[in-house]
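Two complexes, one shared chain (subunit A), two partners (subunit B, subunit C).
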Partner chain A sequence: MATPTYDLIVSSTVATLTTSVTFSSLPSTGYQDLVVVINGTAETESFIRPRFNSDSGNNYSMVRMEGNTAGNTESTSSASASDMIWGKLEDNNGLIIAQIFDYLATDKHKSLLVRSNAVQEKVEAFALRYASTSAISSIEIRGTGTGLEAGTLISIYGIAA
Partner chain B sequence: MTMTLVETITVGSGGAASIEFTGIAGDARDLVLLLSLRNSVDSPSATLSFNTGGTYSRVRLLGNGSAASSDSASVDLQSNTSVSTANTFSNSSLCVSNYASSAAKSYSVDSVNENNATLANQAIIAGSWTGTAAITSLEVTPTSGNFVEHSTASLYIIS
Partner chain C sequence: MSFMLLGILNSQAAGGGGSAYDLLETINVAGGSTTSVAFDSIPQDYSHLQIRIAAKAVYANNGPFAIKANFNNSSSQYYQLKRLVGNGSNVSSNAGSAGSDMWWGYIPTLQASSEGFGTSVVELLDYTSENKNTTVRVLNGYTNSNNASVSLSSSLWLPTEAITKISFDVDSYPIASGSRFSLYGIK
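Moving on, here comes the complex of A and B:
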C-alpha cells in the first residue's frame, strides 16, 4: 500500500488588496489530487471565481447547495461558464476548501468538490467539472467584487497516489 | 510537510462526559479532527470548544432523509444516540485552517449520523470562533448525556 501524503506544495499570503493570485508550475508528477485552502477575508464581499490553465473558455460547470442564516436552502446549477465559483469571502474570516481530483489526467475532465464557509451568511457545497483533458498546471484564484484582503492565506496541498 | 496523527482518543467502558485534546503544538498550519460518536441518551448533537472564552457563530445546512433546512446552529456535530440502530456511530470531520494564527478561526464541519431508518441527519456547517490565540486545546462535548464506549476522536495536524 502506498504511503499517503498530504504535502504543502505552495502557499501565499496576500500582502495588499488584490483581485487575483496565480499559482503556476504546479507539480507535473508525484501527486494525484490537489487540495486548495483559502482562509481570509474580503473588504465587504468577494466571490471566489478561479480558472485553471488561464482558460477563460466556457468549460466550467457546477451544481451547488446552500444553507443560510435566514433559514433558507437553495440549490442551483450552471453549465458552460467561463470560470468557476468556489463561494465567497466576507469581512469576517472565511474558509474555502477545494478538492481537485486527478488533476494531471489527460484522458478525462476534472472533477472538484468545494466547501465554502462564509459564516456571516451561508454555507455552500459545490460539485464542479472542468471540461478539459489537459493536465492542470496553474490555478488563478480570482476574487471578484472587493477582492482578497491582505492577510488572506492560500495554500495548495498535494495528495500522492 | 504532511498530515500527521497527533492522538486518537477512544472512550472506554463507562463512557465519557467529553473528549478533550490538550497541549496542541502551534507549529503546524491546519487541524483535522475525525470523529465517531454515539451518545448514551437520545440527544443527537455535540459541540466543539477551543481553548477557553470567545464566542462561536455557525450556519448549517441540514438534511434529515426527507427534507432540507438551514439555521444558525448552536451545535457543531451530529451524534448517534441511544435510539440509533445498535452498534452504529456518527461520522464527522472538522477542519480548522490556520489554527495558530492571531486572527479569528474559521472551521468547516461535515457530519452525519448513521441509522437504519428514514431519519438520519447529515449536515455541513460553517463555523467561526472569535478567539485570537493559537488553538492549544479542543474539547468535544455531547449536548446531554455521555459519549459511549468505543466512541473515538482522532486529531491530525497538517504542516
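Moving on, here comes the complex of A and C:
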C-alpha cells in the first residue's frame, strides 16, 4: 500500500548574517532518511561545513568531484575530518541538496550524498560518511567566513522507508 | 532530487493537496545469501519513480562492485550509459552502449568496511510511457578506509514499454545484510 511521505520537518530562513544554524530535536521515529535543502547566498564565499550531534571528533570522511568554470574537473577525498563539507555558497544564489541515509540507525555508519551548485564557480557531488553508530538527533549547518546571508532558506524533509 | 520534485513539494506546501511522493515498497535484505532483489509489480499510476538504495556486497576483498539493474526482465542489449566518476584522485568519464543491464553506481564490500554502505538515489522519468525510451539518472557514492567513489550517471533503455518490474544484483555477489532498496512513486 502506498504511504505518503517526503514531509517537511522544519524550515528556517536566516534573518541576519550568521555562521551557524542548528536544527535540534529531529524526529526519532517515522522516517529513515533526511533531505536537507540549502538555498541561499554568502557575502563573499562560505563553505558549508555541517556537523551532526555537536560531534567535533575526527569522524567524518568524504570524496568529492567537481566541474568548474575553468573547464576542469577534479576529485579529492579526506578522512577523519572534524566536520563535513557540503559545498559552498557565494554572492549569487547557490543550491545544496544533501541526502542523509538511515539517520536513526544504531548499527551502521551514516552515509550521505550531496549535490552542490555554486554556479559562479563550480558544480560538485559528494559522498560522505559519518563514522558513528549514534542516531542523528541534531544538525548544525556551519558556514565559514562571514557565513550565511539573510534570506538563506534551509529546509529538512523526512522520508519513510 | 530534481527541480521538478522541489516544485511539487513547494506546491504541496502552498496547499496543493494530496500526496505527491509515496513510499511504495522497501526490500530489506536480512541475510547474506541473497544475490538479487526485485520490485515485481510496479504501480502504473505515477509519473516518475525514485529508488533509494543503501547496500554493500559480501566478498572477501575490497571491491568495489557495481549495482546492476534491468527492467521487465530484459537482458537483451538494450541499455546505454554515460557516467562521471570521481575516486578522490581524478574524474573519469565513460560511455557504454548495447549493455545487457544498467550500471547504477559502486558499493563497497563487507571486507572493505564493516559499517559503511554505498548509497544511490535513482530517478526514472515517465516510466509508464510507451512512446519514448526510458531515461534514468543516478547519484551514487561511498567512502571508507580503503577506497571511495562518487558518481553521476544516466542510462537509457531502448524499448518503448511501460516499466512493470525492476531487478537488481551486485555483480552477482551476495548482497549484505542491512542493505535496503526503497521504491517511491512521484505524481
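We take it that the second predicted complex is superposed on the first by the 158 of 161 C-alpha atoms of A that agree within 3 Å, B and C clash if a C-alpha of one lies under 4 Å from a C-alpha of the other, contacts with A are read in each partner's own complex, and residues count from 1 in each chain.
Throughout what follows, a contact is a pair of C-beta atoms (placed from the backbone, for glycine too) under 8 Å apart; a residue touches a chain by one contact, two chains touch by 3 or more.
The shown structure was predicted, so the numbers you read here are calculated from the model rather than taken from an experiment.
Superposition of the two structures on subunit A leads subunit B and subunit C into a clash.
By the document's definition of touching, of the two partners only subunit C reaches A:S111; subunit B does not.
In the superposition on chain A, A:G151 makes contact with subunit B only, not with subunit C.
Once the two complexes are overlaid on the shared chain, A:A160 sits against subunit C while remaining clear of subunit B. Of the two partner chains, subunit B is the only one that A:N93 touches; subunit C does not reach it. In the overlay built on the shared chain, the residue A:A127 is in contact with subunit C alone; subunit B does not reach it. Within the superposed three-chain model, A:A79 lies in touch with subunit C and out of touch with subunit B [touch as defined at top].
By the touch criterion defined above, A:V119 reaches subunit B but does not reach subunit C.
Once chain A of one complex is fitted onto chain A of the other, the partner contacts of A:R64 are limited to subunit C, with no touch recorded for subunit B. One listed stretch of subunit C collides with subunit B once both complexes sit on chain A; from 8-16, 26-34 or 62-70, that stretch is 8-16. On subunit A, the surface patch touched by subunit B in one complex and by subunit C in the other comprises residues 4-6, 8, 37, 65, 67, 73, 97, 115, 125, 157.
Across the interface of their complex, subunit B is touched by residues 4-8, 11, 37, 39, 65-73, 92-95, 97, 115-123, 125, 151, 153, 155, 157 of subunit A.
Across the complex, subunit B meets subunit A through its residues 1-3, 29-30, 57-62, 68-72, 95, 97-98, 101, 103-108, 110, 124-128, 158-159. Of all residues in subunit A, those touching subunit C in their complex are 2-6, 8, 32-33, 35, 37, 61-65, 67, 73-77, 79, 97, 99, 101-102, 107-109, 111-113, 115, 125-129, 131, 133, 157, 159-161. Here subunit C touches subunit A in the complex through residues 1, 6, 9, 13, 19-24, 26, 43, 52, 54, 84-91, 113, 115-121, 139-145, 148-152, 178, 180, 182, 184-185, going by the rule given at the top.
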